[in-house]
Amino acid sequence: MVIQSLSPSEIYFIQQGVENNLRNDGRTRLDYRPFELDIGEISHAVGSSRIILADTHILVGIKADISAPDPLTPNKGSLTFSVDCCPSASPEYEGKGADYINIELAKQLERVMKDSNSMDLGGLCIMPGKYCWNLYIDAIVLDSGGNLFDALSIGVRAALANTRLPTIRITQGEYSTVDFEVSDDPEAMQSLDIDGVPINVTLTTIGNQFVVDCSGEEEQCMDARMTIGVNKRGNICGIQKGGVAGIDAHTINQMILAAKQVGSEILKTMDNVLKDHHIATK
Amino acid sequence: MEAFQKVHPLEFYKKFLERSVRPDGRGLDCFRKINISTGSIMTTDGSSFVKIGNTSVIAGVKAEVALTPTQSDNSISSNNNNNNNKMFVNVEMGPICSNIFSSSKPSEKAMSLCSQLNSLVNRLEINDKELYFDDQGKYSWYLYIDLYCLDYNGNLMDACVLAIMSALKNVKLPKGIVVESSASEAPQLFKDTEQPMRSLNIGTYLIPQTFVLLNDYLLTDPSLEEEKLSSGTISITFNDRFEICTLLYTGITSISEKILEQCLEKTKKRSTEIINLIDNCCTTINNSNNNNNI
Amino acid sequence: MTEKTTMTTQYLSEININIYTPSKRLGLMHHRSNCNINAGTSMQDVDVYSNKSNAKEEEMYDDENDPKTQFARNLVTPGTTISKEGEYLKGHGTFHHQGSLIASVSGVVDKVDKLVSVRAFHSRYQGEIGDIIVGRITQVAAKRWKVDCNARQDYILMLTAINLPGGIQRRRTSSDELQMRNFFVENDLIYAEVQAINGDGSVALHTRNQRYGKLMNGVLVSVPPALIKRSKQHAHTLDCGVDIILGVNGYIWIADSAQQQAQTQLIQRHEKDSYDQPLFVPPQVKQVSRESRQKIARVRNAIHILHTHYMLIHTRSIMEIYNMTLNMPLTDMLTPNKARQIITAVHTNIQERMGFKDDNEENDTDMISQFNHDTEMND
Amino acid sequence: MSKLSYISPEGLRIDGRRSNEIRRLNMRMGVLNRADGSSYYEQGNTKITVAIYGPHESTTQKSLFDRASIKCEFAMSSFSTSERKVKSRFDKTAYETSTLIKQAFESTVLTHLFPRSQIDIYVQVLQSDGGLKSAAINAVTLAMIDAGIPMRDYVCACSATFIEGSALMDLNHMEERSGGADLLLSIHPQLGGVISINMESKVPQEMFESVLDMALAGCKKIYYLLQEQVKKHSKDLMSNQLVG
Amino acid sequence: MKIDFRVTNPIATSIPLDYKIYKQQQEQQKQNEQQQTISVPVTTTSEPIKKRTNRSEEQFRQIFMKTGVVSQASGSAYIEIENTKVICSVHGPRASPKTELFESAKFSCELKFASFARPGERIDYMESAKEKDLSINLRQSIIGAIRLEKYPKTVIDVYVMVLNDDGGVLVAAITAASMALADAGVEMYDMVSACSSICIRNQSISNGSNGSGSGNGSSGAAPKVQSSILLDPTLQEEESKDSLGCVVVAKMPSLNEITQIIQTGELSYNNTIDGIDLCIDGCDKIYSIMKQNLISSLEKQVSKKLE
């Protein structure tokens, strides 16, 4: 089926639904659809996760390699994000169609995850100035049913939680060359601390109300979208507005408050799920 | 009147040329107003902004350091002879300056201009000593000159040459210090910010002049319209000892020596005017000079 | 604006987020997937198949009377030959090859004396004359509209095949052609009937009836067409006060019946007297109350549950789930394991009813008997 | 590379398989909701998902008046191979595989039933450990059946090679890079027709027979497993309705 | 593939560092020579923020604007915010090569950095992700203000070139683009003005650990860090290690609608809200300056035509 485009009366019906806080599928304005999260499924990657949020199906894989760090930040590793909306999500993403969406998604992830120094990149550094870990975080959107920003950030956070990097021992070789051995016994794996890693909460204004986690058809009648990154400490880690229409200042404050609330809720639930997964895969 | 100009541009121009005047009021030989301002870009070692009538070009020079190529490298380097191409010119004509250029594929005009300017820039007799980073000359400066056309209204060649000249005159190079650290690591290069910066003295001046043949009238300093209607363009660059650095003729009809002589005469006449133009723009050298007469 | 502030703060507290382990396990991680035959280390190969490499046309080994095998015998996959001699007629989903009839889709074989056809599980809708469908206008072309009906290609609605406003019958002039846009515009939902199937496979629709026309102020749900049982009547009013149109092509339209009646009366009045001005529907006619919205949402979720569990969709199965989830909050119907509980409960109900065999179903066959061919054909 | 012996003296290969065994298969159908047909196919460590849209109104002008046109796009995810390399969908190998799939299914799908319409096939490789082309063809077959698109027969493909004097079936990445003869065979198992044979390196005549037979046996085995999976999937689908 | 005619230098060149800073680091290294087993190469560490000399925390940098600078474009504008210099040209509603009907105009933005725009090494020409990201944000901010349905089947292109980057590039680009669109006579609901603010950790209180200070896992509690909010930051302030986060707001002042908000870095809820409020009334101030400049430019153009 081609991306559903709705008739004016359907859009009006959805707006009325949002107006009196009962959406087409019975959810209220701040209800999230139940989603399924699975981690550690791709054996080649150091960390991976799969998230199914109703129709949206995203797979995140993380690969790592060792290289010299960026001269500006000698004692920090690096994170690189890339998103690929493959045409199986919708025929619209075929060929060059997906370029802009991929960049926007990847840049939003980078802004939320990297600039807000949420991850302790120091931990990724093996030897300041000489060697550090570079993490390449790649996400594939297999099926898109609305709300890609949130699903992507939850998937990336889960994949980071699942990352296991082999421990490296540095021995001072003669005449100041440095050699190090990679020990790959599964027990002595170094995992990352994802406590500070934020997730996105996207609020969409339909009519003059705003809703969370909008489905594919609700995105058709979206006026404006605001994606807000929230982390466990309740801080705001990145805001980006999308959509054509403007939003007045008062609604923005409310949106940020709602995002903080919903974000901390998701983070809490997510961490228990990751804990049981952790115990299950031990 | 506009309708006639749009429908039959050539006849429209012929009417004017008979009385040896141009539609915008200029005579055949007079030039559009030129103004040059330098030092407007803080992040460069030297910059200039040239505006000839409506054509405006901005030039920025960035100086970077590397090992001076020893004599052996010198022989194999390509044809341009002196200061073994330590200066690199790049021209960008993006969609900013006019809607005929697209951002994806670079235009041929920019490419041809770029190669001409690169060969021209090596005509400036700047001896190697000027570009030495440290006293022994082990390291030397490399100048990257980037030209961006901000408004394309004809006669871009002159604007670019003037921009390069004034930008190079505006260049300030700091004194270099080389610190030999432990054997293994390469020596570290520093610039000494306490001492005053020295400017680059350039051997000669480049005096550019472009003419256009419009059904056997010779027009100087053509605007975009005149360039489009013309059957040939001649561009000449002299240095201050009136030696010809470049002479380019592109056009559909052949031209006689007589016209060439005329062009050479006219350029000679005008060279003094351009030299003091370049000089006075550079005499007001003060870093905070960011006059905004763009 | 003040109303909004109280709205958001009031229910900020009870936000419930629920995360599950995936029901459709992909089993990407090799050794942990529980569905393969013998759990061994990931690299160890399944050699149980190697000795059966020369499997010929293997026999079904289940016992005869279990309904599953009785059904399983009819199951075919592409390429299996249905009959060697050739006296059967070729229906849908089959093709002739060197004299023998071979199935081209995987599905259930329906043999009606000479005609053999195979009905696939998921497949696009194949129009048949007289089918009632719901479609969405994709393009306004010269003298016709192109309509997407979840089918192999867009169906065509000719300008001549619609009722002119005011019910007058006349030849279509070029001025009608110019005002096509005020009949139907892109993305409009229409309720139409298949009029004819042309030689080259393209299908013509018509809306030459009072009931047909543009659908407004409701919700559309799309399901695989195989789940909609072809029956005489497709527009129903469920006893919970919700209008539902089960399009044979898998598009289902749900709307509030009270509001739809008010809307149709308004349109009829408009058709009679002021059909030349454009139709204006006042907001109070468009208004749908919160309770009816809840009913519509419950019906929509019920259909969603039937679709995910691949069960036939018709009024009785919808109402079955509707009544069962009356006391359950709407959002619970979305959660996967709650949905599974509902389905098992529905199964046990049908089991008991099947056991008593007391109900004399109206002509609508119940789900089990639907599968022996004779009853289904005379529908 | 040190002379790695591909077959140990007892006849076992690097990953412990015998010469006539295929890697473990794990398949699922109907994985994606929005696509008409979808499948997830796993052969050893090679993991592929396929989505099929169609037959639907053909968007481009190249719609054929008498039959459906098939479009295929093959993409590898950047974390699919061991070292990370961003492979665009437009590099040579991707095009080569997509045309191979397109031709294989143009001869199998009964395209004359849907004039002027279009079938889109999108193949996405999640993890690649050799045998990409054969795994992709088998995965697309499953997705086609899930989409209910009428086909003459299954299309089963298998690769085979000739290393150190014996023919091996279903190669993984290391065996593919061993430089031996690499043959890809795709057939209609029940109608018996061969759809395509791709052989890149030169092989003596008599060796060719044994490699071909090995590939044929591989295809038959894969066909048996595919059919098993389709039957199981259909039974699951019908189970709700049947038990009632 | 773009054929790259650019003239490149075979020899790899680099930027010499500042000798003064090098000397200070040498002394500092000598003191703690004992623990340091592996010598850390000297790097350009971003120095802490210098107190603002010429303007207070809530004051703008000096702004100069001019429209109609490019004769060939249908509308153009040049803006200088002290050292950030941006030129923008609009090639107004022109026929679109694509044939299919679309009722509202297509709007595309492109932002490019001149290779000498940023301090430090010369940027070689390549379509960097940073430029693409800025173009997307620029388009996002402006598209809400243009009445696209007035120009069916047309394309409006905005090209922005950054000549000198000293912080606030996106702010300058948005202001220049809306001035250029007004100059091109494109119908707009309102001009879009933009403003940025930054949240800086005061040196005195900070406990030295970079990143978000001491808030360890106590969800909801903002880190106990004294921070102040500065308006219109320069590049040095933006990239210093003391900056906690930066907020950019684009707004249509007369309709009082915010068309774009971008926040980077980690800020507590109150800091974010204060930053946004500061930007909002910053936008109103800039809006009045934009109006004056536009009117004076139009007057000059009209007077030139009358002569």
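Letters are used for the chains, namely A, B, C, D and E, taken in the order the chains are written, and counting of residues starts over at 1 for each.
The rule we apply is simple: contacts are C-beta pairs under 8 Å (C-beta built on N, C-alpha and C of every residue); 3 or more make two chains touch, one makes a residue touch a chain.
If you want to know which protein each chain is, UniProt gives these names: A = Ribosomal RNA-processing protein 42; B = Ribosomal RNA-processing protein 43; C = Exosome complex exonuclease RRP4; D = Exosome complex exonuclease rrp41; E = Exoribonuclease phosphorolytic domain-containing protein.
Given the structure is predicted, the values throughout are model-derived calculations rather than measurements.
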### Query
Starting at chain C, what is the smallest number of hops through touching chains needed to reach chain E?
2
### Query
Among the remaining chains, which ones contact both chain A and chain C?
D
### Message
Mean of the CA atoms for each chain, then the mean for all of them together: which chain is nearest?
### Response
A
#### Entry: Chain at maximum distance from chain B, centres defined as averaged CA atoms
C
### Message
Can you check which chain pair, A-E or A-D, has more C-beta pairs in contact?
### Response
A-E
### Query
Between chain B and chain E, what's the gap in Å when you average each chain's C-alpha atoms?
30
### Message
Taking the mean of the C-alpha atoms as each chain's centre, how many Å separate chain B from chain D?
### Response
61
## Note on the structure
In chain C, the residues touching two or more other chains are 24, 26, 28, 30, 42, 148
### Message
I need the residues of chain D touching at least two other chains; which ones are they?
### Response
31, 36, 45, 47, 56, 126-127
## Note on the structure
The positions of chain B in contact with two or more other chains are none
### Message
Once the touch criterion is applied, which pairs of chains come out as touching?
### Response
A-C, A-D, A-E, B-E, C-D
### Task
Mind listing the chain D positions that touch chain A in their complex?
31-36, 38, 45, 47, 49-51, 53, 56, 59, 73, 75, 77-84, 86, 89, 120, 122, 124, 126-127
### List of chain E residues in touch with chain B within their complex
2-3, 5-9, 11-20, 22, 41-42, 64, 66, 69-73, 78, 80, 83, 85, 87, 89, 91, 94, 110, 112, 114-119, 121-122, 125, 157, 159, 161, 163-166
### Summary
Counting only contacts in the complex, chain A reaches chain E at residues 71-72, 74, 100, 103-104, 106-107, 111, 115-118, 120, 127-130, 195-196, 198, 226, 231-242, 244-249, 252-253, 256-257, 260, 264, 267
### Task
Show which residues of chain C lie in contact with chain A when the two form their complex.
1, 4-5, 7-8, 11-12, 15-26, 28-30, 42, 136, 148, 150, 186-189, 215-220, 222, 286-288, 290, 293-294, 296-298, 300-301, 304, 329-331, 333-336
#### Entry: Complex interface listing, chain D residues touching chain C
15-18, 20-26, 28, 30-31, 36-37, 40, 42, 44-45, 47, 55-58, 65, 110, 113-117, 126-127, 145-154, 188-191, 217, 220-221, 224-225, 227, 230-231, 234-235, 237-244
